[in-house]
Amino acid sequence: MLSHELELRVEVQNLRREFDSKEKKVVALNGVSLKVREGEIFGVLGPNGAGKTTLIRILSTLLLPTSGVARVMGFDVASEPEKVRAVINMASGSERAGYDYISARGNLWFFSQLYGLPSEVAKARIKRLSQLLGLDDYLDRKFYMLSTGYRQRVTIARAFINDPKIVFLDEPTIGLDVMTAMSIREFLIKEAKENGRTIFLATHNMAEVDAICNRVAIIDRGRILTSDTPTNLKRSLGAPALVMEVSPLPVNLAFLNAVEGVKGFTTSVDEERGLARVQVVVESEECVTRALAGVAASGMRLVSSWRQQTTLEEVFVSLVGRGFVEREHEVGE
Amino acid sequence: MKLESRLWLRALYARMWVRVMSVFNEPLWIAVNIGFPFFSSVGLGLLYASTGLRSFVGFAILGGIMISFWGNVLWSMASQFYWDKQVGLFEVYLTSPAPMTAILVGMSLGGVVNTVPSAVLVAVAGWLFFAPPLSPSWLAVGLTFALTLASLYAMGMMLSSLYLAYGREAESINEALHEPVSLLSGVYFPSIGNFSPFPFSVQVFASLIPLTIGMDALRRALFFSQGLSSIYLHLIALSVMGGALLLLASKTMKLLEQKGRREGTISVRLR
Amino acid sequence: MSSVKTVLASVRIGWYRDFGWTNPLTGFLMKTIAPIASVLSASIVYWLGSSAAGTFDPSHVSYILVGAALYTHVAAYSWVPSQAISEGKWSYVFPQVFISPKSSTPFLVGRSLASFVTSALTSLISLAFAYYVAASIFKSSIPFIMTPLSMSLLLGALVANVPATLGLGILLAAYTIFASKFEWALPTYVAGLLMVFCEALFPVSVLPWPLSAFGNVLPFTQFIRAAREAVVYGSLSAYSYYVAYCLLGGLLFLAVSLWAYRWAERQGRKKGIIDRKVV
């Protein structure tokens, strides 16, 4: 089936959301538009403070947009929240939504009743979801006795308990160990593929987006910068990134912005070795030579350099001129 | 049955079930709930006894019983959504199709069931310890008790909606409200009528609290054998208050939900 | 010297914790409303019972006002070390303090002292307010000695009671290290026990033996008696006896509590529960 023949599940047009703080007006979303279809795992990737959670909160009816339109299954999230709520569910990695003195099974049953599920149906769903998420042996433990990883599995199971058409997930694997995160990702892929569920995932974990998303929108300061499949986005950069290790610290790399063909760069510091690692997004092979020559001319010592397969972070760097960490630092300031 | 009614009932039952099972799974909750009512009824009972008037000791025990419910309304109803907001549960309620009134009524019924054991323990301990004289009109006592709880929990629903407008203050507001409301509503002594120590204006203000009317009617029915014919005005007032508060709670909840969606205060987590 | 710095820093943290959510005036008013209501409730119960029985004695209203105001004061700050630990386990402040070069005791003492100042002020204000309200609604002159000397003696009693209350607080903190749930319910029990056993509302002699004997030896009972001597009865010799008893008994109690707390900390490390959250 061609992608445009699949049911349109989320449609956002020119969405804007402002927050009034004491000092100033903060624009969390600024003209966001996107479309997500049936069976897609759609990632919204951006640094902290980019507007991902605000977008999810609007789509899941928790927040009203300042302007623009957002539709879920054709229903307007602002004026028809009841209709939207019947077909969605949501979960966040930062929540601890469950009653401490009730078992995981009891909690899941409780949440199923908020959707009016007959108990038999609810029990069958709890069984299926717990098998898929490896929760079988933990279902009868009280919620507060579960480890963070198992609590998050319960949270994910809860988000699928009502057989939703669309599930909104906000950083669902944040703070989890690698194995738990992997099993949750496998579960999400299976749910999208086998049940045609749309999964709308907000994250700043690039590996997660790369691993499971069919399409991704990169968001920064409330604007969607680009949207495509992860493969296409990486391919669009052309040349593999240049990685350089330079010393001594601190390094001043502002000159790189002036090098022709450099789309941006991000720096991390290796304190132990006393050097900075610089990832430079380059347009072409010629640009690599120019960047290396620039470093030599700056008086810094080039310890080593190599080329690296393009990642989504470099896509972000090419669009913003900065990496996630630098951007979060700027937003924080 | 219509789909909406089924959803309403299921959500109500489930919310009540969670509340009751939390206590059933952790019986220590009863010990937690009983502390304040038990000691205050013993302390004030001994104070009544020390005045030489044993016949009023029952006021302190009845106060201990009813303060259990007031404590439950304040800590487990009014501020419940505040705790729920902190852990992300409130978002779960809002993004589900379940009506908030069903959640609120479920919470109330669960709260009543959970508080009954502590209230009974206070009653039994009080009666064993003090053996106060009773002169009950049981039908009036039963009806007044039921209507008092209904209107008290309706007030809890109303407060619970109002608390959505607050952030970190909930705990401090609870602490500040607990004692003054029990003082004004005369949990341990008549705060309205001939025996009230308060001036008329304060009595009128106190009468706006359902617990005040309920306590006055309960004392009359339990200790002064006044039947339905004597306290029917109390019962009408309690019914009207209960209904009005329920309606107000539902309207306020809707308004504050809209306000929260507009201002982005629904999912503020504090932990 | 650095322990003093830790205590002072913890005092500041305590105030921030109590009033940081609002402006200090609102926070203070909110903290004053409850003790006023509590003190008035007890005095009204006495007024109603004694008026009906024909035994009303205005000096007994003073007795109750002082007792009710001061037992709530002790209850309010004796719970603070426990609260600091259980909240600190959630916010990781407590494990952080625990692994710092200083022991956690100055931290707990600082938090208690912050609360001591707040609750001493709120109790004195509620006592004064309740006194005027009670005098007006009972339409009677309620004896109360209001001189610089009596006020100084009352303050002296408040200070003399600090070691005993710290002792209680630190003992409860020792328990909280082990507590895994419902620690937050402790204050109702502490307040309730203080009300019944510390002569807050009635003489401990009305309790059956050995409960009356237990109440009699508590330093808190002596503290409330001393405060009554200061502002109701005016006997300096009785006041001195009660204050000395409260201070010495309190110091002894504090020493025992500190020992118990050290033991609890060691056990906590052994059992790995220093950073276990209380639900």
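Here the chain labels run A, B and C in written order, and each chain numbers its own residues starting at 1.
Here is the rule we use: a contact is a pair of C-beta atoms (placed from the backbone, for glycine too) under 8 Å apart; a residue touches a chain by one contact, two chains touch by 3 or more.
Keep in mind that this is a model prediction, so the values were computed, not measured.
S.K.: Select the chain at the greatest separation from chain B, using centres from the mean of Cα atoms.
M.R.: Here the answer is chain A, farthest from chain B.
S.K.: Return the chain label for which the distance between chain Cα mean and whole-protein Cα mean is smallest.
M.R.: When every chain is reduced to its C-alpha mean, the one closest to the whole-protein mean is B.
S.K.: Just curious, how far off is chain C from chain B if you go by their C-alpha centres, in Å?
M.R.: 28
S.K.: Between chain A and chain C, what is the gap in Å from one C-alpha centre to the other?
M.R.: 51
S.K.: From the C-alpha centre of chain A to that of chain B, how far is it in Å?
M.R.: Between these chains, centre-to-centre, one finds 44 Å.
S.K.: Would you mind listing the residues of chain A that make contact with two or more other chains?
M.R.: 100
S.K.: Among the residues of chain B, which ones contact at least 2 other chains?
M.R.: 26, 29, 271
S.K.: Under the touch definition given earlier, write down the residues of chain B that touch chain A in their complex.
M.R.: Chain B residues touching chain A: 3, 6-7, 10-11, 13-15, 17-18, 21-23, 25-26, 29, 87-89, 91-98, 258, 261-264, 266-267, 269, 271.
S.K.: Under the touch definition given earlier, write down the residues of chain C that touch chain B in their complex.
M.R.: Where chain C meets chain B, its residues are 21-22, 27, 30-31, 33-38, 40-42, 44-50, 52-53, 55, 64, 90, 137-138, 181-182, 185, 188-189, 191-193, 195-196, 200-203, 206-207.
S.K.: Touching chain C in the complex: which residues of chain B?
M.R.: 26, 28-29, 31-32, 35-36, 38-40, 42-44, 46-53, 56, 59-60, 167-169, 172-173, 175-176, 178-180, 182-183, 187-190, 195, 197-199, 271
S.K.: Could you list, by residue number, the parts of chain A that touch chain B in their complex?
M.R.: 17, 19-20, 54, 57, 60-64, 82, 85-86, 88-90, 92, 94-103, 106-107, 109-111, 113-117, 142, 158, 162
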